[in-house]
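The structure under discussion is supplied below as structure tokens; questions concerning it will follow.
Just so it is clear, A, B and C label the chains in written order, and each chain counts residues from 1 on its own.
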Amino acid sequence: MSEEPTLDIDYVAQLARISLTEEEKARYAKQLSKVLGYFQELAAVDTEGVEPTAHANPIFDVMREDVAVDGLPQERALMNAPKQLDGEVVVPKVIE
Amino acid sequence: MNKFEPVIGLEVHVQLSTESKMFTNAPYYFGAEPNTLTNAVVMGMPGTLPVLNKRAIEKTIQVGLLLDCEIPRQSKWDRKHYFYPDMPKNYQISQYDQPLCVGGEVEIELEGESRNVMGPHRYVKLTRIHLEEDVGKLTHLGDISVVDYNRAGAPLIEIVTEPDIYSPEEAYAFLTSLRSTLQAAGISDCDMEKGQLRCDANISVKPVGSAKLGTKVELKNLNSITGVRNGIAYEIDRQTRDILAGGTITQETRRWDADAEMTYVMRTKEEAHDYRYMPDPDLMPVIITDEWKAELAKGLAEKPFDRQRRYMDTLDLPYTITSVLCQEPELCTFFEETLTIHKNAKAIANFLVNDIQREIAEASHDEDQKVLADFAITPGILAELVALVDKGTISNQIAKEILPEIIKNGKSPATLVKEKGLEQSSDSGELELICQDAIDNNPKPVAEFKAGKEPAINALKGQVMKATRGKANPKMVDDILRKLLS
Amino acid sequence: MSSNLLNATIGELQKLLESGKVSSVELNQQFVDHIEKHNSEVNAFIFVDKDFILEQAKASDERRSSSSLLSSLDGIPIAIKNNIAIEDQRLTCGSHILENFVSPYDATVTTRLKQQGMVLYSGLNMDEFAMGSTTESSYFGATSNPWNTERSPGGSSGGSSASVAARFVPVSLGSDTGGSIRQPGAFCGVYGLKPTYGQVSRYGLVAFASSLDQIGPLSHSVEDCAKVLDIIAGHDERDSSSYPTLDINYLQEIQNLEDYRPRIGIPKEYFAHDIDPEAAKAIDAVIDFYKTKGCEVKDITLPNTDLALSTYYIIATAEASSNLARFDGIRYTHRSGEAKNIMDTYFMSRGEGFGEEVTRRVILGTFALSSGYHDAYYSKAQKVRTLIRRDFETAFEDIDLVLTPTAPTPAFKKGENADDPLMVYLNDIFTIPVNLAGLPGLSVPCGFTQTGLPLSYQLIAPYFKEEHLLKTAKLFEDAHDYHNQHPQF
């Protein structure tokens, strides 16, 4: 992170599955490079031997018993679906 | 001619048999109407949160204990990101750097000199086993695809081997061994037809003796145990042919097409995923204490190969019988229970492996696979039947004849034998008359026997058994016939 | 009577209902009328489901007449930020992509409020997916500050703060990921409480950054805040980060403060920043007040404070990029009509469905997690987060509370810094360390600028010590009248 960061906007937008116009790409890349420049301050922080914090208040062993409870009826599960057919969600053809 | 040898690693996904899903209490079972086994969590509705299924974690730890894995003290879950319509959140909750099980090994048996001889055994090393969630099911219909999320979120373990498998046959042996071990322990039904066990393979080939591994190809869609063997064999062959033809192997993912019997490219390395793993902030780490491990170790089933060795060594059962019996945990349990009632291991095992298994197979259809528990017969009934034979009340032949009925209706063999009048005849006076009758009416075999053709006596025995409707004690018949013919 | 009722606290409304002078239907009708008359000026609500509100009020009246009230809060209105699920109500999160999404389930807080018989108002406006501090990124238009409609009400819970300030409802729920309850509370002159992470269930709160998000109330008084916290706090088995229920009643805690004199720490790092002179002056007066009251006030240090902003924006955007992946045009969101294939469905539905700020943050977060940058950004930020937590843990060894400004300035003009996200992010500098550490924080109204904009200070307490926040704020409230002032409509 010591080097000036570069954000490959095409690659990242591809990963994030968001379509962007050329204008948007240019604008976001410019704005975000400024933000990333600011983030550079972290590079100088000594975090040798410091445990990462993934949870603000970590607790352990939160589990539930294996008991099944009926969930959503089919029509409730699909009530917001943009397109459905015979109880299944329709999507454009997926080529594997 | 073939100067290349393959190196294979497997990634095996096994659905755990639990009541509810991995991260929510929606039920899961195979064959329900589409999208009827979901809830807001399964559908990845905004605002929903996952909660760990304790039983699934316990079963995974048990797998680790069975396969001699190290069970680290702490385990956590991570999000693995990629977009796919069958995955409701577009990330899969999986385990990245702190899986439940590390290392371990699976004992496999390689082919022996013949079917009747035990082949050599060795251990295939495991890398890790982690616990994650299954995805939904995509079906392709013309120019659309449809998605059913019933399976989404079902608990799934991924067992990853080291590149420590060296032929399609070994891969096959690995899967059959793993399957019977997991079945015996009640971890999963491992039915490949139902997608409960799925396998991907990493395959490379290298010049014989070379220490350097070749470029590996990931092979997917190996959806049956024979598919695993055939797909891997094809891929080894393809890579070898390509190299011999002067080509190079590309790091890529290929798919096995079982109908066309070939593999084809799904994606290349350039299209490889950037999964962006991160610890799932919605789930807390789990601490696996020694006490918990010990508790889980208590209820563990014996591993099939250990059981087979015990049956052969202490019960003196032949390899051929045990190799069938020990593949079927349900038969083993039945066998051992029967053995506590009547101590004739060989006879009990024979009935189970031959007669009873045949009945189960005959009653089963593609869509409706039967198991022993579907039938009325109990260990007590089988023990009674074997005891009747051992006491000489009925012949083995009669036992085999009445077994199909007993299996189905669970009737007491003793009662049935009485009702049908099938007791073995041990009245030597009456039997002598019948034997004399057989000798009088069959001059040809009599002459042959007297001329020294020993097997001719069997024709006479057959006549006697026919006349007694199988009730005669074969040993007595033999004795009487020899006496009368001498 | 009409304006009195609208200005009333929950306690006053409870008395009115108990006396039988008004029914819940009449009471709620007045709030609904007020909303219908003035929402166009403030845009605090994305939508108002009048039938839904009045049906609940009617049911409450029926319970009252049959002496089967669910609680003393039965029939009292509360408005809910539109990122908290209410069954069969739209759950838009201020986003085009969820414009028509109807929730099939209730959030845990929703269930708890329903169990008390409270009357829920859905549809409070917010920054899209709670990303922002101005409520301008809402797909459904910006919310205005009721004190000055040229100004922002703060964000992301701008609808929650504006609705309480405008007397559309007596109390509301917001969500706070980096200050999204406290800063809008400050901008609108109302209390805004972010409870300890794990205190209130997140089940049904549409996640922005899961390790930082927390639901909390915005109210006219400390007492109202305590009443709502008493309902929504406590363990929930559907949220793995939820803590065991504490044996405490916050309303009881604030009753007798005669001997309560907390030790207050003033972190020098917070005051090294550019703070608006009027805001700084108001804080000085607050500090003097506590000193006069006999509280021990001492200077403390939170040395890693300045690293909080970078740390926060890396962690929050990384988690957001993950949480927002599910909005994809497949199962329940907007699906682009232009999409011809599966890839288009993703790219175009998300491209059309997400606004600018959300897109920017998803891009940033995706980058922070991507191969080759993960360690330098995401992993590094997680470690620095540990340092920030430790700062507070050390500080709390000999103080009960930390006192800071809530924001560097009073409410800013709408549209300020629209092209410079970094400048907007810098406004969150005082609130985000609290989320990174998972601590509870409360913004307290403490005066007005000469132009009539509300001013505020922030109190921060150790884990699960919300009672310190409420009691300390109550000491101030009992001696001042800022919380009783309200904008004119």
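To be clear about the criterion, a residue touches a chain if its C-beta (ideal position, glycine included) is under 8 Å from a C-beta of that chain, and two chains touch if they have at least 3 such contacts.
Not measured: the values here are computed from a predicted model.
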item	value
Chain whose averaged C-alpha position falls nearest the assembly-wide average	A
Higher-contact pair (C-beta pairs counted), B-C versus A-B	A-B
Whole-Å separation of chain centres (CA-atom averages), chain A against chain C	23
Inter-chain centre distance, chain B versus chain C - centres from mean C-alpha coordinates, in Å	56
Between chain B and chain A, distance of the C-alpha-averaged centres to the nearest whole Å	40
Where chain B touches two or more other chains, by residue	40, 43, 51-52, 83, 85, 145, 147, 149, 274, 276, 281, 283-284
Residues of chain A whose C-beta touches two or more other chains	15, 17, 54-55, 59, 62, 64, 72, 77, 89, 91-94
Numbers and ranges of chain C residues touching at least 2 other chains	101, 104, 211, 237, 240-241, 321, 325, 328, 330-332, 342, 346, 366, 370
Touching residues on chain A, where the partner in the complex is chain C	1, 5, 7, 9, 11-13, 15-20, 24, 28, 31-32, 34-35, 38-39, 41-43, 45, 47, 50-57, 59, 62, 64, 72, 76-77, 79-83, 89, 91-95
Contacting residues of chain C [partner chain B, same complex]	83-85, 91, 93, 98, 101, 103-105, 107, 202-207, 209-211, 237-241, 318-319, 321-322, 325-328, 330-332, 342, 346, 366, 369-371, 374, 378
Chain B - residues contacting chain A, complex	18-20, 24-28, 33-40, 42-43, 51-57, 76, 83-85, 138-140, 142-149, 255, 266, 274, 276, 279, 281, 283-287
Contact footprint of chain C on chain B as seen in their complex	40, 43-52, 79, 81, 83, 85, 88-91, 145, 147, 149, 274, 276-278, 281-284
Residues on chain A engaged by chain B in the complex (per definition of touch)	15, 17, 54-55, 58-74, 77-78, 85-94, 96
